[in-house]
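Next come two complexes built around subunit A: one with subunit B, the other with subunit C.
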Partner chain A sequence: MTISFLLLAAITIIGTAAAMTLKNLVHCVLALTLGLVGLAALYLQLGAQFVGFTQILVYVGAVAILAAFAVMMTRSANQTLTQTASSFRASGALIAVLVFAVLAWAIYSGTSKQPILSAQPEGTVGQVGVALMHHFVLPLEVIGLLLTAALIGAGILAMDEHRGNR
Partner chain B sequence: MSPLSAYLLLSSFLFSIGLAGALTRRNAILVLIGIELMLNAANLNFIAFWRYGPHPEALTGVMFAIFSISVAAAEAAVGLSIILAVYRHSKTTNLDQLNSMKG
Partner chain C sequence: MPEMIDQIFVVIKHWLMGYVPGALQPIASAILSVVPVMIAFPLLFAITTVLERKGLGRMQNRYGPNRAGWFGILQPMADGVKSLTKEDIVPRTADQLVHYLAPVVMVIASFLVYAVLPIGRNMVIANLNAGVLFFFAVGSVVELSVFMAGWSSHSKYSLLGAMRAIAQMISYEMPLVLSSVVAIMAAGSLSTVSIVNMQAGYTGIWPHWYVFTPWGITGFIIFMIAATAESNRCPFDMPEGESEIIAGYFIEYSGFKFALFFLAEYLGMFATSAMAITFFLGGWAAPFSFLTWIPSYFWFFAKLLTIIFMFIWVRGTLPRLRMDQLMNFAWKFMLPLSLINIVGAGIWHFMAAGFARWGVVSLLIVLSCVLLSRGLRRNKWFHVRTYRYAS
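Then we have the complex of A and B:
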């Protein structure tokens, strides 16, 4: 429980909580970006360099921008219609609080009180690359195939079907 | 509190925020963002268990997190393009108004 962990956790929690509660959708996406940057810094603090940089590249660089574009392209005129019943909101929040309570209880009773004394492991980019090329070659190829299929599928889905009368 | 439990608590809080957003928000994009937050909470768990686990030199948690990030990116791309296609069809992304599979 160092100062840097508390600071990064506060940034992450504030960003993600704002992303889920703000009214304006563009503000939501910007707050989400802040939360994801905090999460990437937490990965870096844990010693996982490659995952931290991947998080910044993929989430901050791609997913947040994609979400911002989607928000701008689906801007509907009647934004005031999106008022939900307060009972619906309350039940959703109650379910989330209950889930958090159960998880926190499980963590509190399941993990040992003694701090685990282990040296900071080395998860440098070079080691990750060697592991990807030797031990994890097949999953790497499968994930490449999956990303190609997702790219083509997303392009076809987002393409206008009636391009003739555009 | 050990560092591992602190990270696990933070990750369960992130998961709960994502779950609350996915359950209460009525915009399809924000529901998708909530699901992304839940996936990110799982990634934080992978990295925390890798860092404080018994065999960090095997890099298993890091690999699992990398593949999980890739799958989440593919899911976000396909999901957002589905939302765009639905919006082009019915001119709304409000989930309360998207109540018919046909027409």
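Then we have the complex of A and C:
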């Protein structure tokens, strides 16, 4: 529980809480991005450089932009949240509490059985790459195939049918 | 003596660290590393603006700035004073907080990437294990700040500019990353320092830079084209397009915030150029073995200025692309070519050294380059060339 951990945790929690409570949807996206940056910083604090930088690259560089554009394209950016959102508040809180309970139970029951490693495992980028190329090569290929299929599908959906493939 | 001059900044830092009490050592070390970089590169920005305006003026048969100082070399000072004293106007309907944060986020992201750039021998702020990944991850934050600036201004021009800029930056980030993969493959590391170290050494007087291989020169050219697009410079300056959308996403900014955008744009350009130097041009190494007595940081900045000159030259030479040409070029030419280039680098790695692999890899790249550029055109094969203007 160092000061840096507390600061980063505070940033993450404030960002995600603001993402749920702010009125303007673009502000929500930006607040969510702040939360994701805080999460990436927490990964970095744990020594997981690859996960931390990939988190920034994917979530801040791509997903945040995608979400912002989705918000802008589908509705007016000035439109504030209407009353519909608040009617789900009770059920949403219930679901959140249940998910938190399940996760907390899993973590507590998991840690007691396994011995806590005294030495910090080194998750360098090189080791991650070696593991991906040797042990997990089949899942990697399957994911690659899936993403390629998704990319081609997105291209076909976006293609203008009347004017041929441009 | 040459080693002494080469390491003079490192030695000075260690000498200063001797006066710092033990508890403050880490933070003092960080400050002593960061502050020179934060002074040197904005200074380079100031020099570059006047060089660019003089160079463009020369290419366009006019004088360029010639009033402040001798031949206009004090022009950056005048510009700085002007932008500091100008009124900071924020549109009434603008989103105040996001409008304020956008240039700040952009400048922070642009400065952060300098942490992993090897400026000279033993001169890098942070030798990260995943330095290249850090560079691209932090660089992608710039796109978010572009969106913030364009959206928060509540102006149609700035929103259009932001959308153009983001579409272009996302499209060209793919070839930028994929073209640098060849250098990472060859070096076997994601650390910028070890990529530079792998290119050290000389055969005769010639260095072992990756740019002197078929895949290296292809990767370098793709990287530089993508870097031009990433930094929104001519001929890829669609996001700014003065004649169409006035100035793009930062149209509603004035005074020092506008200057911050300008600074961030140039800092991004320097950083990507420095990354191209790291990947393909041997970092801070001397171009010939008999010139190694000249300090390493001199070579780094000499290479950087050469690349900046290329940027200015291209800007003064080429007209602006159209949006569909821009996208077609990124997705139908640059992306496949950079993928084929990776295959070429793999073949190069597994073939025996000699002329055979030169021939095979060069043939692969040249052939795919010709076929892909044919594929870009409407009439696929060799015809009389016809030109289509706005459709």
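Rule of thumb we're sticking to: the second predicted complex is superposed on the first by the 118 of 166 C-alpha atoms of A that agree within 3 Å, B and C clash if a C-alpha of one lies under 4 Å from a C-alpha of the other, contacts with A are read in each partner's own complex, and residues count from 1 in each chain.
One rule holds in what follows: a contact is a pair of C-beta atoms (placed from the backbone, for glycine too) under 8 Å apart; a residue touches a chain by one contact, two chains touch by 3 or more.
Because the structure is predicted, anything quoted here is derived from the model rather than measured.
S.K.: A:T54 in the overlay: touching subunit B, subunit C, both, or neither? Say first, second, both or neither.
M.R.: A:T54: touches subunit B and subunit C.
S.K.: Give one of first, second, both or neither to describe whether A:L145 is in contact with subunit B, with subunit C, with both, or with none.
M.R.: neither
S.K.: Going by the contact rule stated at the top, is it subunit B or subunit C that touches a larger number of residues on subunit A?
M.R.: Tallying touched residues of subunit A, the top partner is B.
S.K.: With the two structures laid over each other on chain A, which partner does A:A62 touch: subunit B (first), subunit C (second), both, or neither?
M.R.: both
S.K.: Is A:L25 touching anything from subunit B or subunit C once the two structures are fitted on A? First, second, both or neither.
M.R.: first
S.K.: With both complexes superposed on chain A, which partner does A:M72 reach: first (subunit B), second (subunit C), both or neither?
M.R.: It touches subunit C, and subunit B stays clear.
S.K.: In the superposed arrangement, which partner chain does A:V137 touch: subunit B (first), subunit C (second), both, or neither?
M.R.: It touches nothing on subunit B or subunit C.
S.K.: Contacts for A:R89 in the overlay, against subunit B (first) and subunit C (second): which applies, first, second, both or neither?
M.R.: Touch partner of A:R89: subunit B, not subunit C.
S.K.: If you lay the two complexes on top of each other, which residues of subunit A touch subunit B in one and subunit C in the other?
M.R.: 50, 54, 62.
S.K.: Across the complex, what residues on subunit B touch subunit A?
M.R.: 1-10, 12-21, 23-27, 29-30, 32-34, 36-37, 40, 43-44, 47-48, 50-52, 54, 56-57, 59, 61-63, 65-67, 69-78, 80-85, 87-88, 91-94, 96-97
S.K.: Going by the contact rule at the top, pick out the subunit A residues touching subunit C in the complex.
M.R.: Answer in residue numbers: 24, 26-27, 30, 33, 49-50, 53-54, 56-57, 60-62, 64-65, 68-69, 72, 77, 124-126, 166.
S.K.: If you look only at subunit C, which of its residues touch subunit A in the complex?
M.R.: Listed in rising order, the residues are 95, 98, 128-130, 133-134, 136-138, 140-141, 143-144, 147-148, 151, 163, 166, 170, 173, 189-190, 324.
S.K.: Considering the complex alone, what residue numbers of subunit A touch subunit B?
M.R.: 1, 5, 9, 12-13, 16-17, 19-20, 25, 28-29, 32, 35-36, 39, 42-43, 46-48, 50-51, 54-55, 58-59, 62-63, 66-67, 70-71, 73-74, 76, 81-82, 84, 88-89, 91-93, 95-97, 99-100, 103-104, 107-108, 111-116, 118, 120-123, 127-128, 131-132, 136, 139, 143, 146-147, 149-151, 153-155, 157-158, 160
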